[in-house]
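Same chain, two partners: chain A is paired with chain B first, then with chain C.
Let's look at the complex of A and B:
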């Protein structure tokens, strides 16, 4: 498709959209965002941020927003449920499914609802979360999302509120050649805390385009897990835009398993003195999968800390990409940042591109980065085999250990580690049964 | 149990290391293979255990009447061949206990037995840990990760005690051990001596043989067994060195 032809279906979809009771300010922003997307078009490989990404699966066919709401049952979401009692939001094809969700008995000072409901009942809350010009990181898909988003989830905590249960959000994609445009918002007031697990899964060749806007106030703490487990025929583009206040804590883990084409982005700004973030993740790829982790960390205040550690495993003809930038502004003295990317290639036809970058404009900082690409350790393989463990099992054990090493970074949450470990094991088992 | 006939092997760069090894080990026997550095000791251990990087160019190895060299490394292990590594490998992220149970159950499966449940397994583990004076906490770590040199060697013999092989090949198990650790390791090996089991100890020094007294001693030099004898041969070597066998080491 030509550049114009490939964006046309989205322009048409926007034209067909009604304001449907949304406030005027939002409608204007949607219009502005659509215009912005039309100007920018799809990214090309000439842009540095997209140099390693083959977007053709997204360009060959159009994915207008899903309309019909597919039916889903508790069985359909069982695989991604987090154990124990949770607050839960379930969405299918970009629309909230109340019957599968559980958002009753929230404590005072906590708001958890679908984005659509929030727009009806408390639209001002979304004001800071929808920006028509928000295309930082060469991301026209954020603009497209702002124009077309249908639903998502919103979590807002008043100062000092600490949730006693984990919040789980499960999105299922079902409609072939349709997109789910999700706008998610997490706003933590000062000294509040929460744990959120987002899981993305589904069946078929759909496109999920999810934008999460996250603000963590002074002294607040958010632990944020994302499980990207889309169908291997599907496309997943997801981005988190995070802003941290003074002494705020943000820790994320991205486990990326699915998708024909998947891209998980984090754009994070350390905006208050003493803020700290830990960005961790593992991407497991096989077949023809293409998976990208892109992080842009902006140290805009002094005395902030970044710990970044991402791993990838690529088998068959898969392609993994890590793009990591840490920028330190002149005023961000006493920055302590490190970034590490470790990658495992399991096949001669698999490939990994890793690009860690530091841009340091302050002089009193401690920053480091590193990247490795290798294959399974032959001596470790032989050690396992010499004890009677089959080659296939030995490989499975070593890959699992490789992923486990970064999951261990979630030090004080054994349930979360076990949850992620189970999904890694499931991915490995799916490979054995091929 | 083990019959090596005219074994020739070379390493990847093409150099021939083993140049016609002949050796026969019966069930119930303990043999020591001694030799100077570079004589082919570790190559022999590698070839017998199926380590990659070696090519057998001539000869054969029979294990309980089967062609050992036709079997893959994991198959040999499940069939009762055990190699105690000279340099045990550290495997971060793989829990020692998990690893041991996987190994044990692989062998049980081969024999048509059911997998050990956690209770049985723990009971077996505790008894053997005591024998080798290994703290239970070591089992909760990654395989050999953060182990001292002595702990690694004891862990090898501990694994051997758990897996109860028919043929154990100990590659320089005594190297790097202080006298206390040496005695502990020797006690572990002695506890495993039995009429159904053969043990081949490969070593540079005689000192392990003070504690684990072999039935036969062989001198490997230049890729061949050049002399065989009883336990007194080891003492003789200690006196004279390997000089008479083509190496001053």
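Let's look at the complex of A and C:
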């Protein structure tokens, strides 16, 4: 498809859209974002941030926004449910499903609702989340999302509110050759705290384009887990934009298992003194999958800390990509940042590209990064085999251990570690049964 | 050298740019501007054969279709390629047979530079193919080398006397259209050095060339080609100084190395061209393409560079590891002070089985300098058991400079092992305090610490260079503390 033909279906979809009671300011921003997307078009490999990404699956066919709401049952979401009582939001094809959700009895000072509902009842909450940032910068998919988003979830906590339960958000993609444009918002007031688990799954060849806008206020803490478990025929593009205030804490874990083409991007700004972030994740790839983790961490305030640790496993013909940038601005003295990318290459036709990048403009800093690529440790394999374990089983154990090492970073939450561990085991088992 | 001696030396060197002078030599220059006629003019001036002119013209046509690269983290004022002069040669160049015939002005210049020509050459045990502006004027030790079958001469001479060798290897490592600056060089290269080491010969001395940029507004486009035939060894030194100038001078060199089976090339550079003044005015633009190919099994190419000069450095000495068991090494110290910018690093392309590469890069930023390490390690599918180790450390002195690290790692073979480590930090107050408390001045303490930081790289340099390099580090960092 030509560049124009590629974007045309999305422009048409936008034209067909009604303002549908949305406030004028939002409508104007949507128009601006659409215009921006039309100008930018799809990224090309000539753009540094996209040089390793093969976007052809997204370019060959159009994915206009899904319309019909498919039915879903509790069984459909069972696999991704987090143990114990949670506040829950379930979305199917970009639309909220109240029947499967559980957002009653929230404590006072907490707002958790679908994006559509929030727009009806409290549109101002969306104001910081749909900003001109969508219309500037070379982020065509964020711009497209701003123009077309249908739903998502919004979590807002008043200062000092600490949620007693984990929030889980499950999105299922169902409609073939359709896209779900999700806009999610998490705003934590000063000294509040929450844990959010986002899970993305589904069946078929759909496209999920999710943008999450996250603000963590002074002294607040957010633990944010993302499980990307889309169908291996599906496309997943996810972007988190995170802003941290003074002494705020943000810890994320991205477990990426599905999608033929999956990209998880985090743009994080440490905007207040003493803020800290931990970005962790594991990407497991096989078949023809391509999985990218991209992080851009911007140290804009002094005395902030960054810990980044990402692992990837690429088997068969899969392609794993890590693009990590840590920038330290001149005023961000006493920055302490490190970044680590470890990659397992399991097959002759698999590929790994990793680019850990530091851009440092302050002098009183401690920054480091590292990257490794290699196969499983032969000595470890031999050790296991010498104990009577088959090669296949030994490899499985070592891969599981490889992923577990980064999951261990979620030190104080055994349930969460177990939850992620189960999904890793399931991914490995799926490989055995092939 | 003992530390005290080192410190004394550093003191001696703290007098601004030592090599900032312009020698007064009439040069015969091409009219400014660049078109096919310029290319023909250069070829005609140098009495080049038809095939080389054709090669130049082909390069020129490729260059015309190319655009200046912008991916590097550099701020480069637009360069008017039509305003520069592409050829300048000292006027009296009727092939001097002895030093007496060489222009005395030129000899004085060398004396100021401290080039060991004449008997000083013998003392230092260095064969010098001195490139002054564009044309080689004197070559020493030629006979000793010739006795071993080693060819070491200016590029122009090699074209005349060993056309078959030049033709066989020219452009095979850095193709004409490789990049913008390489294409430009291929079209208008003036002169440079050529060396060929025959099979099984171990070159008994360090080969050395001094490059100087002299005539105003003349970009210098050296072309160096080194071929180490099977089982041979050569160590090549390249050192650069340039007179002080207010105008930016473009320098786009190409260096090609070919190491055949079991051969080893060690290529060392100390680059201290005029970096511009403290306000960032003037200075050399150093846009260099350096690449070596390990063409046979167990070949080895080792790059060592100390980059202290130039206003802008754009340079990525690389290794193509084609032969099985071949080895590539890159050791680098890059310093940026005042308004200097450096975007430098290496590429290690692993094609053959059991290929190994090591990258050690030390970047030092002071003043308002910007220093970027940019590197690529690529393991191709057939590179069984390839191994890479990369370490890049950055040191920041002052809060107005920047240090950036941009490594690319692409692995296509599971048996490969690639490791990359990088750190960025400043000189700790404890280290400074310790040294000062032992009676060293602030600047001496800094030199000492910086020299320690760079030790892993400096120890790879041949002896004579190591001394000069240590002095240079001190000069380059002058005024960055206190």
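The rule we apply is simple: the second predicted complex is superposed on the first by the 428 of 434 C-alpha atoms of A that agree within 3 Å, B and C clash if a C-alpha of one lies under 4 Å from a C-alpha of the other, contacts with A are read in each partner's own complex, and residues count from 1 in each chain.
Operating definition for what follows: a residue touches a chain if its C-beta (ideal position, glycine included) is under 8 Å from a C-beta of that chain, and two chains touch if they have at least 3 such contacts.
Owing to the predicted nature of the structure, the values given are computational and were not obtained by experimental measurement.
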item: Chain A as common anchor, with chain B and chain C clashing or fitting; value: fit
item: Touched partner set for A:386, first chain B, second chain C, both or neither; value: first
item: Which superposed partner A:203 touches (first chain B, second chain C, both, neither); value: neither
item: Which partner, chain B or chain C, touches more chain A residues; value: C
item: Touched partner set for A:402, first chain B, second chain C, both or neither; value: first
item: Gap in Å between nearest CA atoms once chain C and chain B share a frame through chain A; value: 13
item: Intersection of the chain A residues that touch chain B with those that touch chain C; value: none
item: Chain A to chain B touching residues, read off their complex; value: 377-380, 382-391, 393-394, 397-398, 400-402, 404-405, 408
item: Sites on chain C touched by chain A in the complex; value: 71, 379, 381, 394, 396-426
item: Interface residues, chain A side, partner chain C - complex; value: 48, 330, 333, 343, 345-375
item: Residues of chain B touching chain A in the complex; value: 49-52, 72-74, 77-78, 82-83, 85, 88-89, 91-94, 99, 102-103, 106-107, 110, 142-143, 159, 163
